[in-house]
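One chain, chain A, links the two complexes that follow: it is found with chain B in the first and with chain C in the second.
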Partner chain A sequence: MNIGAALKTRRGRIILLVVVLATVLLCGVGVFGGEELPVISLAAEDIPLPFSVPVFGNHIPNTLPSTWLTMIILILIALAYNRSLRKDGPPSRIRIAVEALAEVMLDFMENAVGEKARLFFPLVATFFLFIAVSNWCGILPGFGSVGVYAVHHGAPAEHVDDEHAEEVASTEHEEEGGHENLALVPFFRSANAHLSTTLALALISVAAAQYFGFRALGISYLDKYFNFRASSPKPDPATQKGLEGIISKMARGMEILINGIVGLLEIILEALKVLPFSFRLFGNIFAGEVLLFVVSYLFAFVFPLIFLGLELFVGLIQGLIFAMLTLVFFSIATTSHHGEEH
Partner chain B sequence: MWPEGVESVKIAATALTIMFGVIFPAFSIGWIGSKAMEAIGRNPEASGGILTSMILAAALAEAIAIYALVVALAIKFA
Partner chain C sequence: MKTPNSSKWSDVAWVLTMGAQGGLMIALPVLIGLGIGFFLDKQFGTVPWISLVLTLIGAILGPIVLYRWVTSSVAPQAESRIKNKKRDEEMPE
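This part shows the complex of A and B:
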């Protein structure tokens, strides 16, 4: 069957359209009213463990295995590149690929910030690679679908009749908790769909900006925050007396005060930067996950492809945005505060 | 048919949150895009830098819509 030839005739086009539509509709509609919608919870679900681990206790959050998977992938690529460096002869494919990727990222950063890109390159490139790879791992098959039935804090408890609810609640507190909210706890969940992961990345980003600022400017990096000075020079007491002197001193005093308050506000703003960073990444990835769950519940076969493609794109773009914003904030932190305006 | 009490308020709150939360970010991303295109039209050589700045600004504007989405999801699912 030659699709190219079929597309040329009107009859062929109509038949092709009918066949494609029929396939899509028949495959998709067949699972309406099938299995139940997976339980979607904002917080990461806990995988119960038969043993106890130091920080978490009897369970680990199910985004942790996804983080490990991302780390394993990146570390394996790095090790393979390292091994390929020791070979003689023409460069192998892994070496060409990794070096091309690094060159593209470095070029992009040099276009954005100039010479300092070499200083920022390791951290920013790591942010980009980690976020992009972990987002892409989140759409692998098995994420969100393979798991164990366990107590799931987001699951709705079994429906008790309204008249009996108060009696049950008051007398059988403990029993109600264990029995009824059993749901599927997936072993893997997209790593950035947990606010802890994104918060950690955001904290590292903001802390690293402060570190780079101190490293580049020394202690005078604090001039950005404690800026108690004015643009006009201190008035000489001999030349300015009387009303003129008083007004100019007052104006200078006001300027110092306002600059100081703005500087202190900068500290608060800098700390607040953590919130948009973490929530942007978390919101995008979690919303994508919810979208994929719902669309896979409605249509089993063809339509989820579109949304998987969207998730592929969004995952990459979010990594890019996080890295770019981090780079911009690093660059702002390392430029000298004075010399621009005064 | 509709759930009683808090459940129905939760559903209404979810829908209204996301409804009103994305209006202004949608406008702002459109404005950013249109200004960027004007700038590229005036100076096609600088289109690389303009594109980067546009994507940066669009991401910052989109983050506001994402906050609304996170609040809506938090109301619904937590």
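This part shows the complex of A and C:
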């Protein structure tokens, strides 16, 4: 849109004025128009089910349907691609699109880790696609807004002592107009806004790094964690006698001790990797959900658009960061201590 | 096939990733120490001693682990990236 050219004609100026006024009016109409701020719960809410399912019982967390939705989207695209592969003639649009995306991802990974990229590609690309698609699904209409009224496990009255429970329940009854302890439980909540999902992804990533490490280096991969060898040569009793011999033995012992401690640190580091991995993804996506909730509550029109755009960007970047980090860990795990690559 | 544009974006993503991971590596041990400490304090009724000790341990462990991570993983990777880039620039395909 060329605003400069539009301002030159009378008609253009009028249209621009109307658009600006309409936007301002829409913003004004929606301000504080929301009746009830949805309950923001850190944990995923439980959707009550009329029947019982194994593992979960008669309720499922509302991030589970979103995870299934993401899986269905990805599986359908994969099936469509698979079908287009078997067709003769010029490649179909879906085939070109999928191959272009895969090529961009592979190119990106080859730039990062070189030839090993092809070995890691299936897992890392799946991480990226799953996280990006599920984050983008999270801003679809209906996520966080369509649901049922049910007992909300995150509601504050749940944690009140028995003595005060009755009192609190009665005040809530008055305030919320009959929804005693009830809150809107949305059917869908962004899959990564559930710590269990991100924790599972992080655990898979760290476990796969160990697998690739063993695959590339064999049993010597364990040297990284249990290293009780010294790099200095063993003192020769013939040349180093007396105090000199004792000092060189002590130095060697010290080195072995330090190597052991470093190995212990490596184990702690490996275990700690899971936390930043899962917390970052969860934190970013959950914060995005809360931001969208609050902005949509305050301004019904126009303003949420800006934040929806921001969430699209954040969703992609988080997927990229997770995939890149996984790739880097895989690459480190398959590189031996002496810098020699396998 | 390596294109200069994707190489640039790969560098941007790499730096972003390392920053994101490193930042949390300092912060999380402190918070986790505080969380576990507070839980234990509540169990044993010793507020605030265990929290204090575990937070301190977290605060010490965070930078040590970050230093180990940077020296053992990030620095060699950065070096090899720079080396690869120089080699690509010298010998264009």
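The rule we apply is simple: the second predicted complex is superposed on the first by the 286 of 342 C-alpha atoms of A that agree within 3 Å, B and C clash if a C-alpha of one lies under 4 Å from a C-alpha of the other, contacts with A are read in each partner's own complex, and residues count from 1 in each chain.
Criterion: a contact is a pair of C-beta atoms (placed from the backbone, for glycine too) under 8 Å apart; a residue touches a chain by one contact, two chains touch by 3 or more.
Every value quoted in this text rests on a predicted model; they were computed, and no experiment measured them.
Taking chain B and chain C in turn and counting the residues of chain A each one touches, the greater count comes from C.
Legend: residue contacts after superposition of the two complexes on their common chain; A:Leu272 is shown touching chain C, with no touch to chain B.
Looking at the shared chain after the overlay, A:Phe143 reaches neither chain B nor chain C.
In the superposed model, A:Phe330 lies in contact with neither chain B nor chain C. In the superposition on chain A, contact is made by A:Ile40 with chain B only, not with chain C. By the touch criterion defined above, A:Tyr221 reaches neither chain B nor chain C. In the superposition on chain A, A:Phe188 contacts neither chain B nor chain C.
In the superposition on chain A, A:Val262 makes contact with chain C only, not with chain B. Of the two partner chains placed by superposition, only chain C is touched by A:Gly114; chain B is not.
In the superposition on chain A, A:Val104 makes contact with chain C only, while chain B stays out of contact range.
Comparing which residues of chain A touch chain B with which touch chain C, the overlap comprises 111-112, 276, 279-280, 320-321, 324-325, 328. Residues 1-3, 6-7, 9-10, 13-14, 16-18, 20-21, 24-25, 28-29, 32, 61, 64-65, 68-69, 72-73, 76-77, 84 of chain C touch chain A in their complex. Touching chain A in their complex are the following residues of chain B: 48-49, 52, 55-56, 59-60, 62-63, 66-67, 69-70, 73-74, 77-78. Taken in their complex, chain A has these residues touching chain B: 40-43, 111-112, 154, 276, 279-280, 282-284, 286-287, 290, 320-321, 324-325, 328. Chain A makes touch with chain C in their complex at residues 104, 107-108, 110-112, 114, 262, 265-266, 268-269, 272, 275-276, 279-280, 317, 320-321, 324-325, 328, 331-332, 335, 339.
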